[in-house]
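Please go over the structures that come below.
In the two complexes below, subunit A is the common chain; its partner is subunit B in one and subunit C in the other.
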Partner chain A sequence: MKVTDKFKLESATIQKARTPLIALAVVGWLVSLAGFAINRDQFYFSYLVSFVYVLSICLGALFFVMIQYVTTSGWSVTVRRLAETVMVNVDILAVLFIPVAIGIPTLFHWSHPEVVNKDLLLQKKAGYLNTTFFIVRAVIYFLVWILLTKQIYGNSVSQDQNGNPSHTQTNAKWSAPGILLLFITGSFAAFDWLMSLDPHWYSTIFGIYFFSGGGVSFVALLIVIAILLRRSGYLEKAITVEHYHDLGKLLFAFTVFWTYIAFSQYFLIWYANIPEETIWYIHRFEGSWKAVSVFLPLGHFLFPFFALISRTAKRHLVFLPAMALWILFAHYVDIYWMVMPTHAHHGPNIKFLFLDLATLAAVVGTVGFVFVSRLGKNAIVPVRDPFLEESLKFENV
Partner chain B sequence: MGEKTTVAKKEEKELYGVLAHFDTPEALLKAVRKVRENGYTRFDTHTPFPIHGLDPAMGMSRSKLPYLVFCGGLGGVATALLLQWWTGAVDYPLFIGGKPFFAIEFATPVTFELMVLFSAFTTVFGMLILNGLPCLYHPLFTVKSFERASDDSFCISIEAKDDRFDKKRTVEFLQSLGSSGIELVED
Partner chain C sequence: MSSVSEDAANQLSRPQLVLGGQNFHTVTEAVSRIAEGKTPKAWYLAFAITSSITAILGAMLAYLVATGVGVWGNNQPIGWAWDITNFVFWIGIGHAGTLISAILFLFRQKWRTSINRFAEAMTLFAVACAGIYPLFHVGRVWVAWWLFPLPYSQGMWPNFRSPLLWDVFAVSTYGTVSLLFWYVGLIPDIGTFRDRAKSKIKKMIYGALSLGWRGSGRHWRHYEIAYMILAGLSTPLVLSVHSVVSFDFAVSIIPGWHTTIFPPYFVAGAIFSGFAMVMTLMLIARWIFKLENFVTMVHLDNMCKIMLATGTIVGYAYATEFFIAWYSGNAYEKFTFLNRAFGPYAWAYWIMVSCNVISPQLFWFKSLRSNLTVMFIVSIIINIGMWFERFVIIVTSLHRDFLPSSWGYFSPTFVDILTFFGSFGLFLTLFLLFIRVLPIIAVSEVKGVMPQAHAHGDSHH
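Presenting the complex of A and B:
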């Protein structure tokens, strides 16, 4: 059995997808620059939200791909190249980390010696929370992620040429330790870039909280990408309703997983009721932030839970991507809610600003543009994967 | 006396239906489609392993079980919330660690557990009831060759209760479908 659809993007399609993305990126960067000139503090916080949002989805893709390899999964082969092309963009995100690094003095008040000198807790944490070590750690995280994504992507693409099944085994060998490395580096990245915004506060589950949101959002993005390709006449027979059904199940399952983790964090802090822990939530229950705190369990859990529970919903090729877009929105709100209440200038109320949208457009446009260009270079399905036939024949019982 | 009862039993025996053996899953799939097209409704298939596409070929509708399980889960949620609210806040309120008498925060783990428990019970018992299990006796077990349905034979059984059933014509029909062996099943 072979892929009977078009599996190479035509240059017209690539152009059609690139044009709006490059426009988005250019407008996004220009407005961000203007915002940077006007309100530098706000720029860094807005940029951090956008950066972490896109990064979490790319890491979700890396996790998804590695899980497929270690489980020698058959069903997912026809969507795996799309996932691989998403994850490989962490190299662009390494470049896009530069504004965050420059913004350290604004974003993280532990970086100011005069603040640390007055603060006993920060003095005790200074061995870890200092600018040099912070940047060294970021470099290590990105090196690990780039190594993993380049290796796995490279092997998968080589297999398109030579059809050698040993590439699949090599990737499984990379993936097993890779998952461990990803979770260690990703957890610490979440501690560094999100949790240390409030350096007195700590939550050991925070890393997995960050991952669970990225995981569910990546599945959502995968559904959206596959449906967009389908609408443009690609992979209509390779990615069938059976594959969408499975992606829908993963979307549902990861939504529940996110809830489980988010609730575990909240519940333990609520029950213990220790001031240094509850402060994080108290900030988020003040003023209009309370509305966001109420929105998250409803919009990120209850609504998708009931909307996606039925088989019909998961097999509906309009409803499913609509829910996927909703999840992508809810995840943005989640990241926004993690970062923004710590922003000192924000006060107790939400101030959603043009800079939030502009930085999001800049990062999404840039990464999206590179993604489409990369998608155009190789086949959009691993055409000579040993499990391809299994995936093409796949059916839910 | 013993002789007499056996004779009496034999006379009581009535026809349950017919059992037809097929040699391959493909032959079974082809035959079962014909059986359905011919208007039979009370028939079943017996195979040593699950066969892809057999359910649609038999015209089986999807199980109702998920809907039952969903209701079971909601029942678990309702039970847990009511139980915790009524015992903790109404019937016997106690101050514990300065916590409220009832709060959704501490009620959630128990609610989750009872939802899972009730869903699991509904799944298991609902499955048994919908399948008519446990079934300690079935007329097909009286046929020796039926044992091959768990080994190397793919079988179709048609019940005599079926409106279209006619002993002679049904047997001929199954023969025409390429059955490798047909037996009458008595109850």
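Presenting the complex of A and C:
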């Protein structure tokens, strides 16, 4: 099959994409720094939201890529390099974790010995919830993620050069245990960075909740990236409306999956009505947080559910990315809603502050800049993947 | 290209799903002969055995109705024991069928076509077995219809807040949709059976069941739309049924039952046990009916991989529960889990862990995924392990209540044991009947994944 698409980004395109991202990053970091000087506490909480938001999406990308390899998926080959280039940015996120590590005393009150001394429950948990072990665990998580992403990305781009199909098998071999490792590390990361913000509270489904949000948001991001490339004249023939249709189906399915997990957690806690568990939701029903709690089932489920259910919607190349952007917004609200109500100085009402935007701009700008640079280095499609042809002529029957 | 990469290229090409140089006619012949030929003597023997076992089930249920639920070993504090264990066990088995026919269909897993008919039949029979237990556990089984929200006539109304009532709706919906899905999928094949039938009675029965199927282009178009819609409707049901079953436990405030991971954990466990049961029965059927060309090593390899994945998810759930029980700092949670692993039921707990988490890890190895003996043994071990999982969850969480004065131990009575044993008789009897009257492989769907079905010779997209 003859395909006339450009498989390599032109330097003009890279420049065009990088300029706004670097501007975003620079402005973001400068404003964040100013905010840090004014309100240190707020900075750390805002930063944690932005960091976890971007990280969850990168982990979603890692999961997506590994699933494609494990299932020897054919249809997704033309979008896989974009996903690989998203996931490989966990190394930058490891560096961006440093402010979170510095902010531990502000973010996590289990880190204060005087608090723990007065709290029997925290004394019981001290073997797990202590600053040293917390940082050791974070290092382990990032090492696992960096190892997996580098291996898989490395093999995939080597295949571009030598066309050796054994790289596909090697990646499948990495991916099968990789998914298991990702689930274990990601769950504990969610326990550490989000659940332990309220160290008395616990929920066994929390790790899966974290993944379900990251998974759906990554599919959304993939749609957005592919459409942006299409608008710039790339991959118009490689990523066809058939691929968008499939991505739309995944967006729809993962939205429902997120809802299933979010509902399971809420419903079981609500029904059993045990005070030590309900407190987490009670905090999120106080003051104006209630509006956010009501928004999530509507904005993160009902609206996208009905908007994406039809075939026409999933094949519409303006509507679909619009919905993808909406999901990315709803996921941000979800993370914000998990983190911010535990911020003691925040009070019972939402105070969406410039620091929230500034830290988001800083993290998104930085990671986005690295992403574009990496995308420019290699072909934007795995050009010699053994299933490329299958993907190029893929059609929904 | 080196020889290593050539080897890799060969392994990466899409495998043929039907072997032995079959054409459409030989496929029809190979599947139809199983039901059309003269009933073998071995079938009569098997049927005599399984129907006798079913009779034991009937006898035990009659004894229970005549005497009372007290003939079971349930006691205070263990109000739920084998009855609910068996219910969840059978419902779980029923999950593979719909997963294979609906979810794998939506994921375009073409290998499903050889096993979906078989697995869906298994689903229906398993749901029938499952229904017996809660039905008879209500005690006065003749008023079980009060569970339905019938117009106000009894001066009573079911308690909509009870997850047990949700079960009634969840399981009956699941049973209905699964039956519809199975039947819709059967229609073209029943049409084939009608056309091939020699006796007049057979022609009439298959003719009525085939709903006037003529195989015209319009028929196929409607059929495919209906199939797709039913697949879409069945997909959430695969998740919802076992989620609702998990609510039976998780909405309570009993340590070991109330934990938020229960819904997805139960669903993964159900698919796990369902695949194990499909594997056990499929290996027997494949051997007896010589279906090696349809249920190839590729199919079995994929099934092993799904068992590995779901078994590992179940292991993840066990570990998460244990970790959070410690992390919670809650003395009751911690006690319950330590009691599970080291208390009077430690034997059951470790049977569960070794069967469900450790044994499927063998399937990491390609050589074991292509060894029929290993597959057969592991699939049976998983079935045993998944029964024990439900037993461990139900009984160990109940047997030591909050007050040590309310501690107890459950021992099954002969009625418990024989009722469970008898339900296997029912399950297998239904299966034997199915094998004799309907095509056990979806003939028309298998033809659709053969290279001949694709004008340009590309059997895959």
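Just a few scattered comments:
Simple rule for what comes next: the second predicted complex is superposed on the first by the 395 of 397 C-alpha atoms of A that agree within 3 Å, B and C clash if a C-alpha of one lies under 4 Å from a C-alpha of the other, contacts with A are read in each partner's own complex, and residues count from 1 in each chain.
Basically, contacts are C-beta pairs under 8 Å (C-beta built on N, C-alpha and C of every residue); 3 or more make two chains touch, one makes a residue touch a chain.
Since the model is a prediction, treat every value here as computed from it, not as a measurement.
By the touch criterion defined above, A:311 lies against subunit B but remains apart from subunit C after alignment on the C-alpha atoms of chain A. In the superposition on chain A, A:168 contacts subunit C only, with no contact to subunit B.
In the superposed model, A:386 lies in contact with subunit C only, and not with subunit B. In the overlay built on the shared chain, the residue A:125 is in contact with subunit C alone; subunit B does not reach it.
Legend: residue contacts after superposition of the two complexes on their common chain; A:180 is shown touching subunit C, with no touch to subunit B.
Set against each other, subunit B and subunit C touch different numbers of residues in subunit A, with C touching more. In the superposed pair of complexes, A:271 makes contact with subunit B and with subunit C alike.
In the superposition on chain A, contact is made by A:395 with both subunit B and subunit C.
In the superposed model, A:240 makes contact with neither subunit B nor subunit C. Legend: residue contacts after superposition of the two complexes on their common chain; A:373 is shown touching neither subunit B nor subunit C.
For the contact definition in use here, the residues of subunit A common to its subunit B contact set and its subunit C contact set are 267, 271, 273, 395, 397. Contact residues of subunit C toward subunit A in the complex are 1-2, 4-5, 8-9, 11-12, 14, 106, 108, 236, 239, 243, 247, 250-253, 258-264, 312, 316-317, 320-321, 324, 327-330, 364, 460-461.
On the side of subunit B, the complex with subunit A involves touching residues 50, 52, 62, 66, 70, 98-99, 105-106, 108-109. On the subunit A side of its complex with subunit B, the touching residues are 263, 266-267, 270-271, 273, 309, 311, 395, 397.
Remark: subunit A residues 72, 74-75, 120-121, 124-125, 128, 164-166, 168-169, 176, 180, 183-184, 187, 191, 200, 202-208, 249, 256, 260-261, 264-265, 267-269, 271-274, 276, 386-387, 390, 393-395, 397 touch subunit C in the complex.
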